[in-house]
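Next up: the structures, one after another.
Shared chain: chain A. Partners: chain B in the first complex, chain C in the second.
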Partner chain A sequence: MGNELSTKLEEVQKQFQLTPDLVVRHLTIQATGTKAALVYLDSLTDNEVINNDIVNPLLSEGPVNKDEHPFHTNVGNIRKGTEWADLESAILSGDTVLLIDGNPDAFFLDTKGWPKRAIEDPQIETSLKGAHQGFLETGTQNIALIRRYLPDRELKIKELTIGVRGKTKVWIMYLADVANPDLLKVLESRLAAIDVDSIINTGELVEYIEDNPYSPFPQFILTERPDSTVSQLLQGRMAVIVDCSPSVLVAPATFITFFQSIDDYSTRWMIASFIRLLRYLAFIIALILPATYIAFISFNYEVIPMQLLLSIAESRTRVPFPPLLEAMLMEITLEMMRESGIRLPAPVGQTVGIVGGIIIGQTAVQAGIVSNIMVIVVASTAIASFIIPSYDMGTAIRLLRFPMMIIAFMFGIVGIIIGLMILVAHLVSLESLGTPYGSPLAPFRWSDMKDTFVRIPLSKMVKRPESTSPLQSRRGKDNRRAGGNP
Partner chain B sequence: MKRTLCCTVLVLMLFLTGCTDRLSVENVTFILLVGIDVDEEDHVVYSLSSPVFSKEAKKKEEELEVRAMTMRNARENFDRSVVASTLGGKVQVILLGKRIFEHKDWFQLMDVFYRDNKDTVLPTVVLVDGKVSDLINFAPKDKPRLSTYLTELLRTSHKRNITVNTTIQELHRQMYDKGITPSISEVRKDKNLLVMGTALLKEDGRYALMLDPLANKLFSTLREHRSGEFPITLTMPSHNEDSFYKLNKLSITATDISTKTKVKYEDNKFRYDIKVNMRVTLSERLYPINLDKNAKKIEKEIGEELEAQYKLLFNKIQTAKIDPIGLGLYARAKEYKQWKKVQDNWGEALSKAEVNVKVKIRIMSVGSIN
Partner chain C sequence: MKKYAKNEISLMQFIFIINGAQVGTGIMSLSGELAASSGTDGWMSLIIGWLLNLVACLLIIQVFKRFPDDTVYDLLKRLFGKWLSLLVVIPITLYFTIFCCLVQIKAMLYIKAWFLPQTPDYLIMFLFAIPTYMVAGKGLRILGRYNELVFYLTAWMPFTLLFVLKECHWLHLLPLFKDGIMPVIRGVEPSIYSILGFEVLWIIYPFLKYKEKATQGVIIANSITILAYIMATIICFAFFSPDEITSYHQPLLSLLKMIEFSFLERFDMIFLAFFLFVVSSSWISFMFMAAFGVSQMVRKQDHSPYVAIIAVLIIVMVFVIHPSWNQANEWQKWSSRMGIGVAYALPLLLWAYVQVYIRFHKGDTR
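Presenting the complex of A and B:
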């Protein structure tokens, strides 16, 4: 880089053209009497730290120990660099660079500070009894939120950078003596292979590393809850934190993990089991109820009890459309209502949703566009699809409903069975980080059944799920690895 | 790439096969009642009744009657007249006129119900004492649709064991099993619809006799699938009936019935020993008696009275040379060699058999008052 301060500064100015927030402060270090300059980006740094902990000590404090740094400062995290590229990335990531006349090194002082929001309740994954803390946009803070739950030296963090331009920081967190190292290798190699400009969001990252991008089902858990992330880490899974994104990726996932919620473990086990069974029921209802309606009234009326059949037929005679069109009409209206609900501001959204739903439902029946039963079917489908705790799984079901309806319209109940069989075949062939997605059902793992359809008391649940193939299968006791790193 | 292509082709092939047998619910005329009868000129007449949903229609259902060669042929005639295509998948009741039972082989007319897999084997078979057309055109103002009304009526009267409930599936078995003869519900339409009891048929399908509700209850206690309530009112001969109101009556409800049937072949005939254990609650008593002191006596009296009734029932059955209870099934199971000899003439053999019924009564409750 050279020794002359003025040439170094010239070079910096050249590199950062059209950067009005670049600040260069000239000063003389009190301890040695040499000239120096501080270079930083005003927008990414904490000004108070610079003034109180860097400028003040530099200007006022006496002689220093020559072996360390040739200046005084209160900042703890100081790195040295000699390359221009290091300097550039340090400045851009919010560090302050201290250049000293006659010294070939540049000193990078950690002064990061940018606009942050306060910790809030998670928006999508609300919970009744869980913590009211959601992840934030700052990766280091998210790590802090997780670490607070697990003060364990085995909680390891690997840092990676993804993106040529964005240089997004990504951290893999895992319990070194629990998580399977083979899975970790797979995850690392997939992350390393990503070749993009930048990763804006965790959802984007998922697309680059998931096993089957042509599946409607989510293959990784995306969560905004630190507590559920920790619970997954303890089960032997790994978390990927992406800087600037408030959702954390957890891998590997299985189909049933999307039906588990953090509340399951804090409510009484019987109630939790009941609610979990309810979710599986809701999954089936949301998937096949409209399809079953179509199949029943266009092919298999024999299965409907006579009294119900008479009332269905009575309300159907007023409807001029075939059952599929009738169902599509209502389902698409519902999907539109749901999508528009996201865009509307919260207080208005609810009103519009309820009023729109009631008015459209009521008047569509009166106008003879749809039948009464169809409105009931659509409404219960909508309710059922909201019960599933994972938003990604919920949307997958919302989408799959439509092909099921079409196939039911063509082949009746046989069609629904065909659809379900294709679905099951797809589910068992899916993988997440190379581990079977259908586990613990296919391949069947008896010990994992304790936390699948029901949740048995926690005291009886001594083993970690086999589906993550953890190094250490028993929970609890002091079976942590002795010593430090492996 | 190959896989994607393969999948695409498969999906496209789904669309190739037609949607040909799709028929939406509103385009179907559901036949709910089917009637088969023989008219005065000895022609077989088919009739049907199906609900109408159109708002413009004033009547709730449409009825049609045709002379036809077969049931399927009759459907064609219906299709020429009714609003939508007729479909037999929801038939509730099959009404058979009494004149049908004058000739054997009538059962062959029902072939289509068993053969066509779009039809159902669950409708109840009913014998109509009178003309089927009178019943099927009956539209009472104070009752729901005839099909609904009739179905409910048969279901509830079976629950109280006034009549049996024989589906056509069950009828098929009763017709072809050599160890049992058919029994079906019998109704009559005078001013109102009335469930008369149970019609018992001969092995070849001809009409044999009718059981009134009381006889049907006793009959039902001996059958393999016992269900519902058994309220029985008895006349106690040990008490005088000089009162104007004939107060020697007692009503019981049998709650817990168990039977044990033993069969033996001795002296060139079958001998049946049937033990009936009943736990009853007393629901009505018109003559004065101290129930606490005389419980044992009453139990015995009821038992004897019931035994007499059973004897009457078996007399009727044996004279008619039929076996609606299925005693032949016991003979086949226990005395196969002897059964084999007489199986084609089982009614005859049973009429010669000796049947003893022993009834044991235990009163569980005498009600709220003494």
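Presenting the complex of A and C:
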């Protein structure tokens, strides 16, 4: 880089043209009496730290120890660099660079500071009894949120940088004595292989590293909850934190992990098990109820008992459309209502609900556009699809019911069964980081059943799930027996 | 050298592949056939069939004992050389292909008869081909997972038969051996036809992770199959009178028709639709075996293109011939005879040959 301060500064100015927030402060270091300059981006740094902890000590404090840096600061994190590229990336990431006349090194002082928001309740994954802290857009803060739960030195963090332009920092967090090293290797190599401009969001990252991009099912868990991330880490999974993104990726996932919620572990186990079963039922309803309606009405009406058939026929007499069109009309209206509800600001959002409720629920039936039964079918499908705790899984199921409806319209019950067959075939061949997605059902793992369809008492859940193939499978002992009776 | 280590299957998958291959459409008509050949003692023929199956399975395992990493194709090549082995390999592959095709055709005929009389048969076959390609094209491990999941999804089905228990007349079954032992022997033939399928063992054995559990695996697989068959047969016998039952083509379906719920008028249709899952695990297993056989014959690693080729050939065949029930039954007779060759005669012959072979080639078998 050279020794002369003025030439170095000239070079910096040349590199950072049209950068009005670049600040260069000239000063003389009190300790050695040499000339120096601080270079930083005003927008990415904490001004108070610069003034109080860098400029003040530099200007006021006396002689220094020869072995250490030739100046005084109160900043803890100081790095040295000699390359222009290092200097550039340090400035752009919010560090302050100290250039000293006659010294070939540049010193990078950690002064990062940018607009942040306060910790808020998670928006998508609300919970009744879980913690009310959600992840934020600052990666280091997210790490802190996780670390608070796990003050364990086995909690390792690997730092990577992804994106040629964005240079997004990505951290892999895992418990070194629990997580399977082979899976870690797979994850690391997939992350390292990404070659793009920039990663804006964790959802984008997922698309680059997932096993099958042509699947409607999420193959990694995206969560905004520190507590569920920690619970997954303890089960032997790995978390990937992406800077600037409030959701954290957890891998590997299985199909059933999307039906587990953090609340399951903080409510009584019987209730939690009941709710768990309810979710699987909801999954089936959301997937095939409209399709079954179509199949029964247009093909196999002999399956329906006489009285029910009569009332269905009666309510359908005024409807001029075939069942598929009737169902599509309603389902698509419902999807539009859902989507518009998300985009609208909260006060206006209610209007959509009222309009939808009145127009679709009542008037459409009175006008003879859809039948009563259809409204019931669509409404229960909608409710069922929102029970599933994972938003990604919920949307996958909502999408899948459309092909199911079409195949049911074409082939009746047989169509539904073929559709389910294709679904099963797809699910068993799907993998997440190379581990089977259908586990613990296919391949069957008896010990994982304790936390699949039901959630047995935590004191009996002494093992980590086998589907993550953890190094250390025991997570506690049978705590009921250990206490003993007096 | 373990060349199949990549696709190793667990004991459960091993069991369910055998079981899945065995249970096909046969169960629907089995009780009628048994009643025709041996009266109400027919269920005992199933037990004999089960014992025969076990013997054959154990023989196959014995054959492989010295060559644990070989499929039947590798083994035959090792024993008889590249060209001579084709004499056996081609019929085996052909048998798997024909059986796969037959199971699909039968399933298609059931569907046409009960659900979709207007839909062209090749279209139904095309629908079958999609999940078939998705599973069989992927490899044995995926097939194992599929069969396993299908087993759990359909495990409730035999228990629905219990709904008719209160209308059963158990006296129909008595006395045992009412016409002596001969009718029971005569019933062995139809019962063997419906429990063919364990011959997939010829191919899946080297993929099993823990070979020492193979015996346990085949016993469990065959027992699950036979228990379901015996249960269905006995309930059919007890429900219908001995004369009445022979007049039905598919007594099991006629029996299911009697089950009625206040919320579901025709339970048999739901049952049959779900039964398609069970049947699919049979034809998909055979499809894998067939495609694997072809890939071995042409010495290619990847078998998935052959799944597609066989599937297309079957669809074309159905499109040209439009098979009827009678044709399907006729073909079934022929293929079952081939099956007896592959499943019972081949193990015996190979076992005998291997005994001689290892006498002469001591030491260089491994």
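A few notes on this one:
One rule holds in what follows: the second predicted complex is superposed on the first by the 473 of 486 C-alpha atoms of A that agree within 3 Å, B and C clash if a C-alpha of one lies under 4 Å from a C-alpha of the other, contacts with A are read in each partner's own complex, and residues count from 1 in each chain.
In this text, a contact is a pair of C-beta atoms (placed from the backbone, for glycine too) under 8 Å apart; a residue touches a chain by one contact, two chains touch by 3 or more.
If you're wondering where the values come from, they're calculated on a predicted model, not measured in any experiment.
In the overlay built on the shared chain, the residue A:Leu441 is in contact with chain C alone; chain B does not reach it. In the superposition on chain A, A:Ile417 contacts chain C only, with no contact to chain B. Legend: residue contacts after superposition of the two complexes on their common chain; A:Glu339 is shown touching neither chain B nor chain C. Judged by the touch definition given at the top, the superposed model places A:Glu68 against neither chain B nor chain C.
Of the two partner chains placed by the overlay, chain B and chain C both lie in contact with A:Met306. Put chain B and chain C next to each other and count what each touches on chain A; the higher total goes to C.
In the superposition on chain A, contact of A:Pro323 is made with chain B only, not with chain C. Of the two partner chains, chain C is the only one touched by A:Ser429; chain B is not. According to the touch criterion, the shared surface of chain A, contacted by chain B in one complex and chain C in the other, consists of residues 299, 302, 306, 412. Within the complex formed with chain B, the residues of chain A that make contact are 297-299, 301-302, 306-307, 309-310, 312-314, 316-319, 322-323, 407, 409-410, 412.
For chain B in complex with chain A, the touching residues are 14-15, 17, 19, 21-26, 28, 30, 32, 51, 53-55, 87, 89-90, 92, 120, 145, 147-148, 151. The touching residues of chain A, when paired with chain C in their complex, are 299-300, 302-306, 308, 411-418, 420-422, 424-429, 436, 438, 441-444. Here chain C touches chain A in the complex through residues 10, 12-13, 111, 115-116, 119, 124, 127-128, 130-131, 134-135, 138, 142, 144-146, 148-150, 152-153, 262-266, 269-270, 273-274, 276-277, 280, going by the rule given at the top.
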